[in-house]
Every structure is written in structure tokens, then in C-alpha cells.
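Quick one: the structure is below, questions incoming.
The first chain written gets the first letter, and so on, giving A, B, C, D and E; residue counts start at 1 in each chain.
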Amino acid sequence: MVEKVKKRSAKAGLPPGVLVHVGTQKVTESRVHILDYDEQGVREKKRASLDECLPFRDSETMTWIDIEGLQDVGLLEGLGRCYGLHPLILEDILNTDQRPKSDDMEDYIYVVLKMLDFDPDSLEIVSEQVSIVFGRNFVISLQEGREGDLFEPLRQRIRNGQGRLRRFGPDYLAYSLLDTIIDHYFVILEKFAERIEKLEEELVSNPRPDTLQKIHRLKHEMIFLRKSAWPLRELVSKLEKSESDLIQPATKLFLRDIYDHAIHIVDSIESYREMLSSMLDIYLSSVSNRMNQVMKVLTIIATIFMPLTFLAGIYGMNFKHMPELGWPWGYPLVLVLMFALAGAMIYYFKKKNWL
Amino acid sequence: MVEKVKKRSAKAGLPPGVLVHVGTQKVTESRVHILDYDEQGVREKKRASLDECLPFRDSETMTWIDIEGLQDVGLLEGLGRCYGLHPLILEDILNTDQRPKSDDMEDYIYVVLKMLDFDPDSLEIVSEQVSIVFGRNFVISLQEGREGDLFEPLRQRIRNGQGRLRRFGPDYLAYSLLDTIIDHYFVILEKFAERIEKLEEELVSNPRPDTLQKIHRLKHEMIFLRKSAWPLRELVSKLEKSESDLIQPATKLFLRDIYDHAIHIVDSIESYREMLSSMLDIYLSSVSNRMNQVMKVLTIIATIFMPLTFLAGIYGMNFKHMPELGWPWGYPLVLVLMFALAGAMIYYFKKKNWL
Amino acid sequence: MVEKVKKRSAKAGLPPGVLVHVGTQKVTESRVHILDYDEQGVREKKRASLDECLPFRDSETMTWIDIEGLQDVGLLEGLGRCYGLHPLILEDILNTDQRPKSDDMEDYIYVVLKMLDFDPDSLEIVSEQVSIVFGRNFVISLQEGREGDLFEPLRQRIRNGQGRLRRFGPDYLAYSLLDTIIDHYFVILEKFAERIEKLEEELVSNPRPDTLQKIHRLKHEMIFLRKSAWPLRELVSKLEKSESDLIQPATKLFLRDIYDHAIHIVDSIESYREMLSSMLDIYLSSVSNRMNQVMKVLTIIATIFMPLTFLAGIYGMNFKHMPELGWPWGYPLVLVLMFALAGAMIYYFKKKNWL
Amino acid sequence: MVEKVKKRSAKAGLPPGVLVHVGTQKVTESRVHILDYDEQGVREKKRASLDECLPFRDSETMTWIDIEGLQDVGLLEGLGRCYGLHPLILEDILNTDQRPKSDDMEDYIYVVLKMLDFDPDSLEIVSEQVSIVFGRNFVISLQEGREGDLFEPLRQRIRNGQGRLRRFGPDYLAYSLLDTIIDHYFVILEKFAERIEKLEEELVSNPRPDTLQKIHRLKHEMIFLRKSAWPLRELVSKLEKSESDLIQPATKLFLRDIYDHAIHIVDSIESYREMLSSMLDIYLSSVSNRMNQVMKVLTIIATIFMPLTFLAGIYGMNFKHMPELGWPWGYPLVLVLMFALAGAMIYYFKKKNWL
Amino acid sequence: MVEKVKKRSAKAGLPPGVLVHVGTQKVTESRVHILDYDEQGVREKKRASLDECLPFRDSETMTWIDIEGLQDVGLLEGLGRCYGLHPLILEDILNTDQRPKSDDMEDYIYVVLKMLDFDPDSLEIVSEQVSIVFGRNFVISLQEGREGDLFEPLRQRIRNGQGRLRRFGPDYLAYSLLDTIIDHYFVILEKFAERIEKLEEELVSNPRPDTLQKIHRLKHEMIFLRKSAWPLRELVSKLEKSESDLIQPATKLFLRDIYDHAIHIVDSIESYREMLSSMLDIYLSSVSNRMNQVMKVLTIIATIFMPLTFLAGIYGMNFKHMPELGWPWGYPLVLVLMFALAGAMIYYFKKKNWL
């Protein structure tokens, strides 16, 4: 889960604007999905080629180009040339180790952030970088490409013509994409909350060395999660306060809404972080407590049996002149003495609250 | 106590503005309580229906609509249409996992915060979300709906015509609602202080493994409390600095007062948090101290009896040629030697301050 | 020392501006002390009544009304009406659980802060709330009322006509009151420094379980102290930057001076806090070190005597065919072997630096 | 790795602007490399002398003077005089214990930062100070001088005439130098991430005292790394927001890009720092856990064998009247009793989850 | 090292502006050293009296009055009257427990800070307060007075007429004084770095209880050092941003230089602080590790010898019917059994990595 910056070093010596895909290939082929719509109707093209994208640039209608898989550098260069994207933006899109941010490039606005999901197999958080570029009449969204598609419900809404999507501009579509992604953070946080709750029960009822590992792993994921979520506030706030005329005043109200969500997410993460810290402290304390318990058992056993064994040792000596050995009541008396000694010890420990 | 974001994920895919009640149903039915008043008189309707609410919109008099229970989505939609509430505001009202905040919507101001209470049974803090919307001639307050009703004294004051409530506008009523809720935080903090004090005494006089759990639980609740109280400062400060003409200058003085309260609450929470941290440190230290004590007892016992038992073991050997065994004073001499050894040990421990 | 917010909850349901004395009664009766002065002369009235206060309002001379004991709510209401104090200010004066702050109310300025003292008996810090209200020709100071009177030297200076007090306005008197109170914080901090130094010596020379309690208590008081001192900076800074014409430019220079003091106090408190944290760490470490010492003694004893006892046990067995038992040199040989074994062990521990 | 401020004290008494080389000599001779270019062509001089630098000052073409090794103070003074550098700037260049910063000196801009690298032998981070001065038609870069040369690819690009370097001004060259250096931080961070990952595996699978040293060393390097990286944000931000006309608007876009990188680096360092802290906590906990394990073994052994040995001791006593000793089944019975006792103990420990 | 605020309380009740020397007398007599100079020449008076100071006030030449020892209150009052110093400034000069700060008093600027040095005997940091007052044609510097004199090199430079000192105004001399003092902080930090490095080696190679005390002492001094260094940033920044015409624009460049130094110092202190914290953690961990080691030795010894002793105990019982005792191979068999048992134990511990 240590963030893989590895591939990034491959770029260290290169001039800025050279396009190299940094990250792991998640799909074998870049898929392009075009959705062109206005209030009247919808035109859709699945698995489109670059040439099919270009004509939409000059149309009056809104165009949403969704690309899954970033390895087709030629496709991106073509799109970039067509929509006038700056080389640095293309570079950022391809570099999947990007810090979430939003950039106002005058003719278009560029947003990049992390889409989080739970891998149902490994139960780990998986992260996918999503770039969103929107201008006067287009939205381009670029995903690394995984199985699940969070954007399908949005497409469905556009096809149905429900809601505001068809009536509002590309800024509203971009907002809807952001909203979809950020809403999904709550799903992740819920899973987190469940795991923390479970761990807490385990901690109280039956802490094991294993528990420590689990706390550690959660802490680790939390650091990762925080790194993805923390910049969201700034990202959305920058959009909301932007003076670009690409963002309608009506949309800003919606952006303020996801700004509140972003703060809520960060707050929750901080709370969970504190809980995990507190759990580690509790774990350490309960280990100490347990050790105390073990030590007490040892001390009680030793304190009771050492004197008794010593006593038995005395009467096991082979001196010729030990008068007690000849007494008829010697043996029973010693036994009684031993019992008394043990009883006294136990009474002492009871009083000291060790038993 | 891990905040339940659970239901929230049910909304993850939905378009913004779709009204879904997020949270647990706390009452079986939404109750509407209307209080319409001006300086001359008061008109009151308990358990009113939506249709009874609407006529008050255009009256000159002040109208306070108090709703308990949020599950009647139709009622809210009706109210929203009547008073021109933005769909996002209605969504926030229904989503009871909201971060406290205030929004200036020009025609009305929206405030949402947490009302805290102690559950007398479980001794845990219970939290209820309260939304307050106020405009030129109305205040709408929306509670999730629990047994106790903190707002009844306010209603009584309106009915009696005492104080400023009848003379001042809806901003003053909204302030009074906020003041009532925030004042109740002090009640919670007092209960907290009592529990901390009790725990501290327990810590000093008789720390047990149980004490650790109690510190942990208090810390947990503190995190929750802080999450509710922290945003209050910003919320009130935003109202106080608002340039909206819905808030009279005279009322701002009162808002500054609850701003001071909000800071005071946050300060107190921070102090308690530090105390709890310090208590955990002390607990850990005292566990270590206790273990030290136990170890000393063990070491003293072992150090005294191991050499003695060894000595007894020597004279328990069956060598044929052990002259000491034949001496008439052999046995008493060995006993004296043993006592001397034990005495020397005890003297050594006394000097080392272990006894 | 957990701050007593208790009584505050009694106010939770009441409307704002209702006057209830929150806190413990510290004197049986409110004492009013009037000092009316100008450059020419001084008029003084001890134990004055409310009616005696009122005429001074319209005089040209400066009037300082000092009140000890806050339980006489009628007196305060009278004063408030006479000098036009806002109900919220009167409420704040009576609520002795107030966060230190300063409020500019146009016609007068309100300052509230904590006066700290050491209780010579319990060696604990005691805190008393002081409110200062000053306007164009008056200063009203309100104390909860304790034995010692920090303000007497000020009165003496006014009577003598020394220094600037008689020549400057009420802002300078208010500054002098603040200066007196804040200067006294240094006395408290010195006592603190002494206690920390003593504790540090104890920690180095002879740490005991008792030491832990002392660190804890100091930490506790430090939290309390910080809560009182922290808002002072903001309080004074607000006064210094105030644009009110109640504060002369010449006085602002003096306010800047106590602003520096306030920062100095906060700095010192932070330093002491860090020292206490560091001391707790050191204590924990030294407990661990001590336990290590104890464990080593135990281990050395056990490691030396267990093998020896085992050897003695072997020759204590009753087998018929044990040739060593018949050897004439068997016993001495075994003794020599035992000594050699013990010596080897001790050499080993010496080499391992355990002895 | 404690940063060596040592040599700096040699300067303590000297007047400002006196040029003394502070730091270790890393090459035996200062090497000067001149690259003069415009859109048409490139002129290059390796191992140039001071006199060869001067003529370029007044040429229209861009001049990049790269100096490796700072011990030739005369060379720097000459350059400084020629390009009008302020004595304080020359002093900062020579003092290799400089905090990264950028200064706008009107006629030129001065940037100083740390170039980091991994020493392949000692696996430690090595740091080299790089100063960059750029004006209207020149860039001077000054390195302490190590083996590897990060700037060679840039030179190659200039020679080839590829990309923007030949077309854009000295601000773009300066940006490219910064970009090269800051990009190299990612290489260092990757190495770090690898070492942390390895250490984490070691921590989970097989923690040793050695592991502790490794965590400590990484933490140490992290502190060093942070000290170098932290001021980068401010440095780049100051350049980006500079109103100097030495920086073209087009270049600012590129500066914003490395500003994002700088924030990303700082974020990553913070994440690693938290991971290291968390690892230390885990290490401590697992040491405690291990000790618990050891203690349990000891306690189990002692608890089983002490009572048995005591029993054997009883029947080893030499009393004349011990009827059990004569019973034919005495010995087997005692053996059975012993087995039963041991079994009971083991059952008890199983139930207590100690086995 | 707990900062001595003691004497300060002596001032608690006094009116502001009353001159009392707060601090310890470090020299027996106040020494006044006058250096009057302009570009043409220098006039110098050692051990001058007050009357000799006054004539310089109205001369055109620059005058530097350096005073060592603050106990001669009359001298200061005279100077204050002559140069028009505000009573609060004189008070601050005499109170040697001052927080570093700079105040712009229009006619002159007042700077107070701590000059640090290492006491070669006790190896502790000693601190001396230095006040600098400079106006249009004078600089007054006031030291508490110790042996070493950091300012002598400056005087020498003035006498020689080298550098800028004779040409520039009093602001440059004041800057030079500040620079001299702040440069000396680096000397202190170097000594610190050496001690930390040494301690770190000790920690890795051979940690002792003594090491803990050393870490504690260093931490203590660090807190003290930080308290002196932290306000330097603000102090210099205020000077640099001052709009007073007492500070020439040329000098501001130099002030920016020492501002960078001040930030560098604070950064270094923070780094050392973190290193010390980390060292304490490491110490605690290594103590735990060591205890683990000790426990393992104990457990191994006990686990090997307890069963063996028990076995020997069995055959030491005196039952009449113990057939093994009669077997000719009984004794050797038992010995073999014992060796096998011990071997098995050792093998088990080897496998568990305890040996």
C-alpha cells in the first residue's frame, strides 16, 4: 500500500510535456465512449476511434467523451491537439501518481482526483485516477479503467432525459462526475467504520497479537485514504471560487454542496485516525495488563511453593542428629505447618487483591 | 458510537436533489406544530397538516413551523415548494449525517447542527440533527424527533408574550433556537466533567483493567462530541458576519454571544481531551509501577529461598563421606547459617529500598 | 480542578439576558467601593449603596466603582440601567464561568478575565473572575470577592496623586487593572517553576510512585492555567487594535506592553507543558530501567542456584548403584564443581555487564 | 546525518559579504562550462576560464554558465562583479549550509536549493547545494560538484535544438534546472518507499533489535529530507507569484506544475513520517507481546514443576514415621497424583488461552 | 535551567515605568564605552561617565554607546532623559526576563533579544539579554555584562574604517550587532549537533540509565533554546517590513539575510527536537529489548533445570518399593534421560530463535 511512485522515476530526466504513461496498465485497450446530447436528443458511440471524436468539437451540442485505459498515448495526443490541451495537462493525465487538484486553463478546466473502491477479494482499498477536462461544449473524462463503472447511472440519466443533466451545461456534467466519485468515498468510509467497530469489539473482548497487525493495517490504509481525500477540499473550493465563465452560478451552489461533503469526509477520516491511535494505546495498555496478570500467577506460585520446598528440603537432609525426625508426630506436624504457611500466603495475596 | 454513515451509501449513485431519508426513524409519524404570532397575539396549531401550513406563507405575521420526524418526504416536498427551498437544502435536511453548517440562500438562511443529549439508560450521548430555515416572515425547524422537547420553553415564552421574542423578527427566534441547543452542550459537558472527575479518583485510588475501558469509552465519546461541536464556531461566525438583511444588527450582538459560547465549548473539549490523554499516560505508568511491585516480591522470595534450598539440597546428598553429617551440632549450625543468610538478604533488600 | 461548569446548566433553558448568578458565593455580601477623582482631588466611599453610585454618572470627574461579590443581582441591575449596560453584558458578568474576552460596545468596553492566585493552604491555583467595564468617565470593576485585594496599591496611587493615574483617563485605569492582574500571572508561573524544579530533582534522584501523582497534578493545573491564559493574547490584542475613541493612543503603547507580557506568559506555559511531558517520559523510562534492574537480580540468582540445586538433587537420589557416592573424594569434588559453576556464571554476567 | 553546520561557525565574527567557502570541498578544481545559444545555434566552451565568461554578458544570445566546485573564490568574485551580483548573494552561494529559498533582486533572480542523491555505497542520502542565478540573458548555475551530472540531458536538449529550450528565455532554462532537481526527489522517495516496505515486512514477519535501528535511521534521514524539501513549496510559490518581468507568463504555467510536484513531495514525506511513527509503535507493541510470550512460558513451566518438585520433596524427607513410604502402592500413587496435577495445570492454561 | 522568572514577581504590584533591575547582577559596575565616528574619523571613550555621553546627542556624527552591566539605574535614567526614551522601554531594558521583540517608537527603534553562549565549565547554555536602541544618529547597546565580548570585532572594524560600517548609518550598525548575535546561535547549534551525535552513538552502542538523563538534559536545553530563538523570526521580519525612515532600503536587504538565518535556526532546532524525541523512543524500545533478553535467559534456565530437578527429586523419594532404584542401569539411564530432556529443550529454544 506504500504508494507506488516507482514508475515515476522513469520520467526524471525527460523534458516537460513528453508523454509517458506512468502507472500500471489496468485494461488491455483504451475504450472510448462518446455521448453527444442536447435537450432534444442523445447520440451515443461505444468503442469509438479517435477520428469519431473529432467532429463533435465544432458541434453546438454537448459532448461527453469517456476514455477507459490510458495506454494509448497516440489517442490522447490526437484528442489533445483537437481540443487544444496544454502538453503539461496531457502529461498530468498520463501520470497516474498525481496529487488531486483542479487547474483553470481559461479555455477549459482540468480536474484530477482519485476514485476509491474496495477490492472485494483482498479487502483493500484500490485507487484509480480520474481526470476530467471540461470546456464550453465538451467534457472529457479519463479513467485508468477497472471493472466496475461508476459513471453508468449518469449515462442512463442522460439517455432518459431526466433531471437537470440534459438542460444544464458541461459544468453540471463535470459536477455530476465529481459528485459521483466523492459520494463513493462515503461508501469506503462506511466499510472503514465497520472494520473499526469490529476491531474495537475484538480489542475489548479478546485482544491478540493478530489485533495489532489489524490496527496497523487500518492505520496504513487511513494514511493512504487521507492522502487522497485531503486535497479534495482545496480542489472543490478552487472550482467554487473560480471566476471562469465556464462554471455557471447555478452550478456553484452544487459545488458548495460537494465542498461540504469533502470537509465531512476529511473530518471523518480525522476522527477515525484518532480512534485508531486511541486503540493502539489501549492495546499496549491491555498487553501490559495481561503481562501483569501472568506475573502475578508466577509470583503467587513461586511465593507459595518455594518456602514449602525449602521446608521439605530441610527434613530431607541426612544429618544423624535431627531429633524431629524421630518424633512420632514429626511428619504430621510438618504437614500442618506447610498447610498453614500456604494458607497465610494465600490470605496475604487476597488482601493485596492479587487473587 | 462510530458514526453511522451506513445509510448514506444508499444514496451514492442517485442524482443530487433526490429526496431520500438517511438515518434511523425515531418517531412513527412526522408531527407538525405551527405557531403564528405577532406583537398582538398568537395562533397555534398542533399536529397540523401540510395544507394548514401553506396559508401562513403570505401573511404578515411571523410563523414558526416545527416538524418532528423526517420520514414524511411528501410533507417536506410540499413545504419546500411552498417556501421556495432549493432541492439541495431539502436533501441536506433529510440526510441526518450532515456536518453542522450555515448557508445563506438569499431568500432564506439554512442552519443545520446537532442537538446532544444524555441517554439516561445507557449513559451515552445521543445526537439528533436539527435543521433551521428562516426567512422574512417564517422559521421552520426540523428535528429527527425524540422524547424530550427542548423547544417547549421557547413556545411558552412566545405564548406569554414575555421578552423580546414577540417583538423581534424570525432571526431572533432562530437565534433563540440555536441558543437553546448550544446551551444544552454545557449540560453535556458538565456530565462529562463529573465522569472524568470520578474516573480520576478511581485512577489514583484503585486503577483496574476496567478503568482502561472507561478511559477509552470517554475518549471515544469525546471524539464524537468534538466532531459535533467543532463546526459550531464557523457556523455561528458565518451567521454573525453575514451581510444578509435577514439578520438584524441587534440580533448580531446575540449571535456574538453564542459565538463566545461555541469557543468556550471547544476550549473545554480540548481541555478534557488533554486530561484524558494524560490519564491514559498515568494509567500506563501505574500499571508499570504495579508490575515493578509484583516483580520485587517475586525476586525477594526467590533470592531468599533459592540459596537456602540449595543448602538443604547439599546436606540431602547421599555421599558416604560427608563428615558434617556426623557432627552432633551439624544440624543446628546449618539452621543458624540459613537464618543468617536469610537475614543478610533481607537487610540487603531493605537497604536497596525494595521492602 | 475540573472546571466547575455545574451551575451553568441551571441556565440552560432560560431566555438570554435573564440575570442568574452562576458560580459559588465567595463573600456573604456585595461590597461597593467608590473612588471619584480628577487631577485636583479624590472623593472615596467605602461600602457604598447603589443610590450613592448613581450621581457620579453625570459628573465630569472620573469614577471607579469596585464591586466585590456578585450575589446582589439587584445592585447589578441598577448599575446596568444607570450606565446603560446591555443585558448580555450583565449576564456575562454574573456568569463566572466565562471565557476571557473583550467586547467593544461603542459606549463602553467590556473586559472579562481570570485573576489567579495560589491558595497557601492547598497549594492549588484558585481563580476568580474579574469583569471590567469602562466608558467615557467611569470604570466599573467586578470581582467575585476573595480575601486578598490586588487593587489596593492602585487605590493608594490614586489617593497619593502619584504617576499618571490621576492625569490619564479611565482607559489608563482599566489598563492598570489589567496590568495588575496579568503581572500576577508571573507570580503564579514562578511558583510553578519552583515546583517543577523540585519535582525534577526528585525525578532524577529518587523517583517514587508518588512522583507520578505529582506530575499528573501539575499537568492538570497546567491545563487549567493555559485555559485561563491563552485567550489573554486575543483579549489584549483586540483592545490594542480597537478603533474606539474610548482608548487614547498613549494608552495603546501601554496595552502593547501587556500584550508582550501575555505572549510571554503563554510561551512560558508551553515550555512548562513540554517539560512536564518530557518528565513523564523520563519517569516511564526510569520505571522500565528499574524493572530491568530487578529482573537482572532475579535472573542472576536463578541462573546460579538452579543448576547447583539440580546437582545436589542428583546426588540426593537413592539409586543403589551410584559409584560416585562411595568415592572418598566424591563430596569435596562435587563442592568444588559447584563453586566452579557458580564462578563461571558470575564471570559470564560480569562480561555481559549485568553485575 | 546530523547536518553539519560546523564550518559555519568559522564565519561567526566576520562582516557580512566576506566570501568564505563554507562546506567540504567536493572536487579539487572549479570547472566552468559555458553554453551560449539562441534559436539559430549553440556555442560551447568546456573548462572555460573567468575571462572567457565575461564577453557573453553583453551579447544578445542566451548564456548558461555552469560551475562545479565552489572553492575558487576569485572566480566567483569576478563573475559577481561582471554580472553585478550583490555581495550577500555571493556569500549565500559559497555557504553550502543554506536554507532553500528564492530571492528577487530586480536585475536577476537567485534560487538556492538542495540536490539530493543516494550514495550507492553507504545507501545514505547525500545532498549537494545548487544555486541558480538568472537575468535577462544569462543563467548561472553553481554546484558543489559531485560525480553524476543531472544537467547533462538538458545540455543535450539545447545542443539538439529540440523542444522549447532554445526558443524560450533564461527563465525557462532556470525552470528546467529546477524541474530536473525536483524530479530527482521522486527517485529518492521511491527508494525510501522501497526501504519502508521492506522494513515493514521485516517488522511483521521477524522483528529484531536490528529492526529498531533501521527504523531509527530511516526516521533520521526523513527529518533531513523534510528539512530540504519543506521550503521548496515556498520557493516555487514565490517564483510563480513574482511580479518580476524576468519570468514570462508562459513559464509561470510550468512553475505551477513544479509547485504541484513540491506539494506532492511534502505530502509523501508526511505520509512516510506517519508510517515510520506507526512502525515504531508497532515495534514497541510487538516487543511487549513477545515478552508476554516469554513470560507465559516461564510461568507455565514454574507453575507445573514447582508443585511437583515440592511433592517429591515431601517424600524425600527422612522422618521415621511416614506410613506412605511403606505402602506397596505408595510410589505409583504419587506418580499418578503428579501426572494428574500436571494435567490439571495444563488444562487450566489451555482454558486461559495461554497455550 | 527552568527560566528564572523569580525576581520578576518583585515588580508585580508596582506601577508601569518604575525602574527596577530584574535579574542577577553579572558585573560589579556598569561600564560605558562610547565610539563616535563618521566617514572621516573615530573618537573613542572607554569607561565613560553619563555626562560624557550627553554631548554626542546633538552632534552630526554617529555615536555608539555600549553599556555593560545594568545595575546603575541612575545612568539609564539619565540616558533615557537625554535620548527621549519612553519609560516602558527603560523598564524593558532593565527587566532581563524579556521576550525577544522589536518596537518601532517613531524617533527610535528598540530591539531586545538573547545572546547565547556555552559555559565552558558546566557545558550549559548561558543567556544574556541585549537591548539595542537606535535613532537618527546614535546606537545604544545594553548588555548584562559577561566576560567575553562579541562586539569587539565590530569596534575594530569601525576603527579600521573597513567595510560599510563607517559609511552606512546607525541602522547598519544595529544590523551588524544583530548579525553578530544571531550568527553566534549557529555556534551554539553546532555544539548541540555534536552532543546529539555523541549521544546517538552512545545510544546505539551502549545505552545506560545515564543516557536517559543526558537525553532529558538536552531536551530541557532545547526547550530553553527554542524559547529564545523562536521570536527572532518575528523580530527581524518586523524590522524588515518596518516603514520607519530610520531603516534605509539598502539595510533591508541585509535584514532579509538575517531573517533567512533566523528561519534556518528555528528549522534546525525543530529538527534536533524531533531527533531527541526519536532518541527517547529508541531508548525506551531498547530498554524493553534488553528486558526481553534478560527474561529469555531466565526462562531458558528455569525451563531446563526445573524438570531436571523434579526428576532428581523423584528418585530422591524414600519409598520402600521403587523398583528403578534397584536396577543396575537405573542411575545411568536417568542421567541419559536428563541429558536428552535438556537437549530437547535447547533444540526447542534454538528453533524459537531464543538462543
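As a convention for this text, contacts are C-beta pairs under 8 Å (C-beta built on N, C-alpha and C of every residue); 3 or more make two chains touch, one makes a residue touch a chain.
Since the model is a prediction, treat every value here as computed from it, not as a measurement.
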Chain copies touching (subunit A, subunit B) - same or different residues, decided at half shared: different
Computed distance of Cα centres, subunit E from subunit B, in Å: 42
Separation of subunit A from subunit D, taking each centre as the mean of its C-alpha atoms, in whole Å: 26
Multi-chain contact residues (two or more partners), subunit A: 284, 288, 291, 295, 298, 302, 306, 309, 313, 316-318, 322
Cyclic chain order - from subunit D, heading first toward subunit E: D, E, C, B, A
Touching residues on subunit B, where the partner in the complex is subunit A: 2-6, 8-9, 11-17, 86, 88, 92, 97-99, 101, 103, 209, 212-213, 216, 219-220, 223-224, 227, 230-231, 280, 283-284, 287-288, 290-291, 294-295, 297-298, 301-302, 305-306, 308-309, 312-313, 315-318, 322, 324-328, 330-331, 334-335
Sites on subunit B touched by subunit C in the complex: 150, 153, 157, 162-165, 176, 179-180, 183-184, 186-187, 189-190, 193, 196-197, 200, 204, 253-254, 256-257, 260, 263-264, 267-268, 271, 274-275, 278, 281-282, 284-286, 288-289, 291-292, 295-296, 298-299, 302-303, 306-307, 309-310, 313-314, 316-322, 354
